[in-house]
Amino acid sequence: MAASSLPSRTGAGLVVTAHPGDFVWRAGGAIALHARQGMRMVIVCLSYGERGESQWAWKTAGAALADVKAQRRAEAEKAASILGAEIEFMDAGDYPLRSTPEMLDRLIDIYRTVKPAFVLTHSLADPYNVDHPEATRLAQEARIIAQAAGHKPSPDLSYAAPPVFLFEPHQPEQCDYKPNVILNIDDVWEQKRSAFEVLAAQKHLWDYYTRVALNRGMQGGRNSGRSMQYGEAYQRLFPMVVETLA
Amino acid sequence: MAASSLPSRTGAGLVVTAHPGDFVWRAGGAIALHARQGMRMVIVCLSYGERGESQWAWKTAGAALADVKAQRRAEAEKAASILGAEIEFMDAGDYPLRSTPEMLDRLIDIYRTVKPAFVLTHSLADPYNVDHPEATRLAQEARIIAQAAGHKPSPDLSYAAPPVFLFEPHQPEQCDYKPNVILNIDDVWEQKRSAFEVLAAQKHLWDYYTRVALNRGMQGGRNSGRSMQYGEAYQRLFPMVVETLA
Amino acid sequence: MAASSLPSRTGAGLVVTAHPGDFVWRAGGAIALHARQGMRMVIVCLSYGERGESQWAWKTAGAALADVKAQRRAEAEKAASILGAEIEFMDAGDYPLRSTPEMLDRLIDIYRTVKPAFVLTHSLADPYNVDHPEATRLAQEARIIAQAAGHKPSPDLSYAAPPVFLFEPHQPEQCDYKPNVILNIDDVWEQKRSAFEVLAAQKHLWDYYTRVALNRGMQGGRNSGRSMQYGEAYQRLFPMVVETLA
Amino acid sequence: MAASSLPSRTGAGLVVTAHPGDFVWRAGGAIALHARQGMRMVIVCLSYGERGESQWAWKTAGAALADVKAQRRAEAEKAASILGAEIEFMDAGDYPLRSTPEMLDRLIDIYRTVKPAFVLTHSLADPYNVDHPEATRLAQEARIIAQAAGHKPSPDLSYAAPPVFLFEPHQPEQCDYKPNVILNIDDVWEQKRSAFEVLAAQKHLWDYYTRVALNRGMQGGRNSGRSMQYGEAYQRLFPMVVETLA
Amino acid sequence: MAASSLPSRTGAGLVVTAHPGDFVWRAGGAIALHARQGMRMVIVCLSYGERGESQWAWKTAGAALADVKAQRRAEAEKAASILGAEIEFMDAGDYPLRSTPEMLDRLIDIYRTVKPAFVLTHSLADPYNVDHPEATRLAQEARIIAQAAGHKPSPDLSYAAPPVFLFEPHQPEQCDYKPNVILNIDDVWEQKRSAFEVLAAQKHLWDYYTRVALNRGMQGGRNSGRSMQYGEAYQRLFPMVVETLA
Amino acid sequence: MAASSLPSRTGAGLVVTAHPGDFVWRAGGAIALHARQGMRMVIVCLSYGERGESQWAWKTAGAALADVKAQRRAEAEKAASILGAEIEFMDAGDYPLRSTPEMLDRLIDIYRTVKPAFVLTHSLADPYNVDHPEATRLAQEARIIAQAAGHKPSPDLSYAAPPVFLFEPHQPEQCDYKPNVILNIDDVWEQKRSAFEVLAAQKHLWDYYTRVALNRGMQGGRNSGRSMQYGEAYQRLFPMVVETLA
């Protein structure tokens, strides 16, 4: 992680995910890249993925929920650290993930204090996983309420709702997911791959998501005419406001 | 049109429209803005709008087609000049606009020589106007064929297909048009409005499109949190490739 | 067809179909109903359906195209007469139906002289039949060009593009067809059914389209809270402009 | 507001909105128009918009929620009165608006006693505001349950679920909103504008929604061929059942 | 129900419906057919349809909810028996149907023990009925959670999430329902029709759904080139995995 | 291509592609698999991809069109041979591919004589390549016209329009492509990969499409619960008609 020619940036980015694996497979490049550019990257991981994404752990007779959570939490913290991000957990449970008013309140506070320049979260729909769209719903609700002057009123509130980028689900077409942004993650690919390797129990996905990154990279080259190798796809919601089209 | 603080840019932009009014109402801000930023702006106006968008001229008994075309051509040239752009006509006819292989060939040459950084054209659908999607279709076909090494092969061909931005149709929802880019045109609004006034026969649209610009401007403010007054909406096709999401 | 309590109307309605069967199965109720209300109903039948919708005729060895056309023309005229409509043929061929500039020109003239209060035509898409969307395309193009003052300019041109209603295709969901209007055709059901019986070779469809009419009728009852038995479904394009929502 | 040539109507119309501003900006014309036609217009305003749409009030240090609510309630009542409507509040809170079983029950009773000829409410989706689709959801659920004979059974229940018209959101394309009805509000424009002026804190929207009304008016003219100046756009759900297409 | 030439199958199928009528009208053919093929068919009927689909019962002054439920339960059991299926009720209430964590838990257990080869449920949307999509939502959530190793962990859990087929709603186009599977139910039509006749209070729907079956049958013939008379339409979610396309 | 445990099948399959590469990358597995199952596989390759997909050839100064065509034809024939298929060319040109009435006529004859059990072709839309949807359009038109008894009438015509499967485009989401069938191609993967290697000039795509096959394979496993390694995705148009859902 030596010197880099990347432009230096300030500010912060927020990532809201349902389970630990999600921020690694889907947004690990963006997290590492913006961290390296100098931004504060904050991951809110709503659950530990303890019931639905820890299949191996439950093969041990007598596995305890608390142990599985602790193990996955440790993994998630390690992956976040590799990517250069802070991480906060909400322990919302998984399969199903159920959010509470307190979680909403906390997430609003996070938006207001982090003041992210962008927020990354799941696709709007995912017929394979009910936790993913629930995470997106919560991320969007908090983003909007954070704007309300009458929510915990304060004279020096300054917050603008950030753009939302949806990261890529496992089977994009089945989720009606259509990427409109490809992020070049060549500079941080090794970091993203290292974070994969923390997720030892999902080894079968290491190569899957390496292939996804390579194919998004080639698509990025096609769409831009500029050479690149690894990409991450995003679907930007809300129009972008620009000073030039060039 | 004195000194401006706009960043200086090089390169070119291409605009492909069915009729003269279109580039004024729908893309006049982008044309003027990028011209002022230092870019070469090239408008390809496929017809003169002589039959379908010159209603007033035909109220004169004995009006001749050639005269109507000449009059509209003069207007279009004047408007292009106000916006700082070059203009080329294809005389494809209107209502209906019918493109020929020669027009396609010429448009391919234009793409290759202008090497635009972006191309602006009509929405993909327009149930009120069959000429508009035909212009879009031609613009897309030429953009793609220009990439084919075997089309007029040349050892020093260098061309990358540019991003396509669709400008706003008259009734956006009816055209299944969904803008994802709002361009701030505050710096060139007066120029755009001056170009409106060249189109004397469509005076009823001057205020309509001023209102459109003001409302897109307010939407731009809402989506960015930054103050702006006048906007132009675009729908970008094809993913954008970026080095940062911030 | 004795005295009716239907409101008396003036004006005209236009129907543009690819083949003879279409105006009977899909719009026979609307044609008979508006004719009975006093309107002039004009059917433009683009082909005789001679190749693709006359399977039985071709089972005779040595059948001649001219004979098949004449037979289907006679049937179509008889059905139109039962429904109370005028009919004009364009002999565009079928499977595939290919329109010419002359047909477009003639259809524009028809729009301008008939000045229809509405036009009925096929769905926008039909993956089972390429002639149907071609008829729709032609109907829409002519409707639009008829507005162009520079097309056959005339000082006393008065024409307003009418609303377009798409009648129901054979397999509506496969055609992405979504009806938003149900027309009560109880008063003319017997006439529509009589017109079915002219189409002797498609006897298997008589009951199919009777069932369609009964089911659309029950849906009409559900959506309105008013009792009705037979319905015809339409998809209205273009917003309707109203003086009240009640 | 002297004598009017509008047709006299009886019956009632229902409007279900999330916040006070919504019924003014989005449906003020329909409310005033139908009231003037003689209909009883009933607005159900689910919240006071106290937290999310009263930004100015919270700039005062120490502002109390009860005061903000009272102030907004007074404004809403005044605007309703200008438009000629009754108004009922549910105090559901805003940002986020959370409905309760009691609110649902009350709204079902309102449907059953008001027996509206139509109901006006928000768009199905609104990525900028989570309260809006929640209001729509509640309005639709109550409309449907009011039909259930086993809900508070009564021998003389007579209720037919009315058509639903969705009024225009702030950024229609982003809400996948496609209007299919334009209401001519020329006769009541002054009333609608007067209601705007009650909403003193949202002065920046007065002109925005005046421009919306003018542009919808011009679109209404285009779609109907009849001159009009001010329009309100609606998206009608559910097919309409008609006795004629003319 | 004598000897049949149908292929013999083992395994089970699951049907999740909101109300008793639904499994009869919409899936009665599939239930009877697979039962006759030798499969165990299990219906989970979430409510008795006591409030919203028992209009006739409430015409009797003083009707008691418990009596209406009992009556509808008896009907549903009889219909299930005619179709050859087991049935389980959840008494979730109707208009509105509200599911509880206990219901979800029970449904997960059913998935795990029945191990269905397919699950049949309602369409994703239904603007006429809020209970239907709630049943679909619950069926999908349980199907997914049943996969989570950490939900009631067990060493010998073997469960694979089955394909989901959505049966046909009352007004398919209004529900954005697009069938991609037509099941030939000729062999069991009489059984399905017999089950209709248990639903004495909805006699008006017997013929409606007979017509639906006949028209889906004719569409099945068109799409396959093979003769058939009665069909049931399904929309399959999730890709099918095959060893051949022939 | 030794003994295989695959079920033996008779009949034929048809593949209609714009350019040689397409049938290799997108349908090579299906071609090899069905050929090995005993089916006759017929590829109709509309162009040689001489201008748009032979970039390397044109880097040689003075390259002649005829030579490029011959070279690509040889490659295509070799690839077809490896896959076990017959191939026919139409020399329609590429960039742009323009079909003629003679090509349509020939393709209709092919449908009628080959009597395919399925047809494979491009996606309905492809904003990156105008030749692809033109091939699809032609394939669909010929498939439909082949049914018309009046087209080249013959007493012993027996032809049923086959199901259509769309193979995967280069950037599926951008083409609004949603696969609903995944074909297991494990048994023929080596053959498909060998065919890749004939396309020496597109070496950069060998690995891209290997990754696509691996990722579709993993998705196939997820959707079926059965292990598989390599997959090909298809989007089936038209409902399938079945005798069981199990």
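A, B, C, D, E and F are the chain letters, set down in written order, and residue numbers restart from 1 in every chain.
The rule we apply is simple: a contact is a pair of C-beta atoms (placed from the backbone, for glycine too) under 8 Å apart; a residue touches a chain by one contact, two chains touch by 3 or more.
The chain lineup, named per UniProt: A, B, C, D, E, F = GlcNAc-PI de-N-acetylase.
Quantities reported herein were computed from a predicted structural model and do not represent experimental measurements.
Peer 1: Any chance you could name the chains that touch chain A and chain B both?
Peer 2: In this structure, the chains that contact chain B and also chain A are D, F.
Peer 1: Same residues or different residues where chain B meets chain C? The copies count as same if more than half of the interface numbers are shared.
Peer 2: Different residues, largely: of all residue numbers at this interface, under half are found in both copies.
Peer 1: Between 0 and 180 degrees and rounded to the nearest 5, what angle rotates chain A's CA atoms onto those of chain F?
Peer 2: About 180 degrees of rotation relates the two copies.
Peer 1: Taking each chain's centre as the mean of its C-alpha atoms, give the chain farthest from chain C.
Peer 2: Here the answer is chain A, farthest from chain C.
Peer 1: Taking each chain's centre as the mean of its C-alpha atoms, which one ends up farthest from the centre of chain D?
Peer 2: Computed centres place F farthest from chain D.
Peer 1: Between chain D and chain E, what is the gap in Å from one C-alpha centre to the other?
Peer 2: The computed centroid separation for chain D versus chain E comes out at 38 Å.
Peer 1: Out of chain D, which residues touch more than one other chain, so two or more?
Peer 2: As it turns out, chain D has residues touching two or more other chains at 128, 174, 179, 219, 238-239.
Peer 1: So what shape is it, when you link every pair of chains that touch: line, ring, star, complete or other?
Peer 2: Graph shape, chains as nodes and touching pairs as edges: none of the named types, so other.
Peer 1: Which chains are in touch, pair by pair?
Peer 2: A-B, A-D, A-E, A-F, B-C, B-D, B-F, C-D, C-E, C-F, D-E, E-F
Peer 1: Sort out for me which residues of chain A touch chain F in the complex.
Peer 2: Contact set of chain A toward chain F: 128, 170-174, 176-179, 204, 207-208, 211-212, 214-215, 218-219, 222.
Peer 1: Taking the complex as given, what residues does chain F use to touch chain B?
Peer 2: Answer in residue numbers: 50-52, 54-55, 57-59, 61, 63, 65, 68, 94-96, 127-130, 174.
Peer 1: For chain D, which residues count as touching chain E in their complex?
Peer 2: Contacts found on chain D: 104, 140-141, 144-145, 147-151, 153, 155, 237-239.
Peer 1: Could you list, by residue number, the parts of chain F that touch chain E in their complex?
Peer 2: 6-7, 9, 11, 13, 30, 33-34, 37, 39, 117-118, 120, 160-161, 163, 165, 179-184, 219-220, 223-226, 228, 231, 233-234, 236, 238-246
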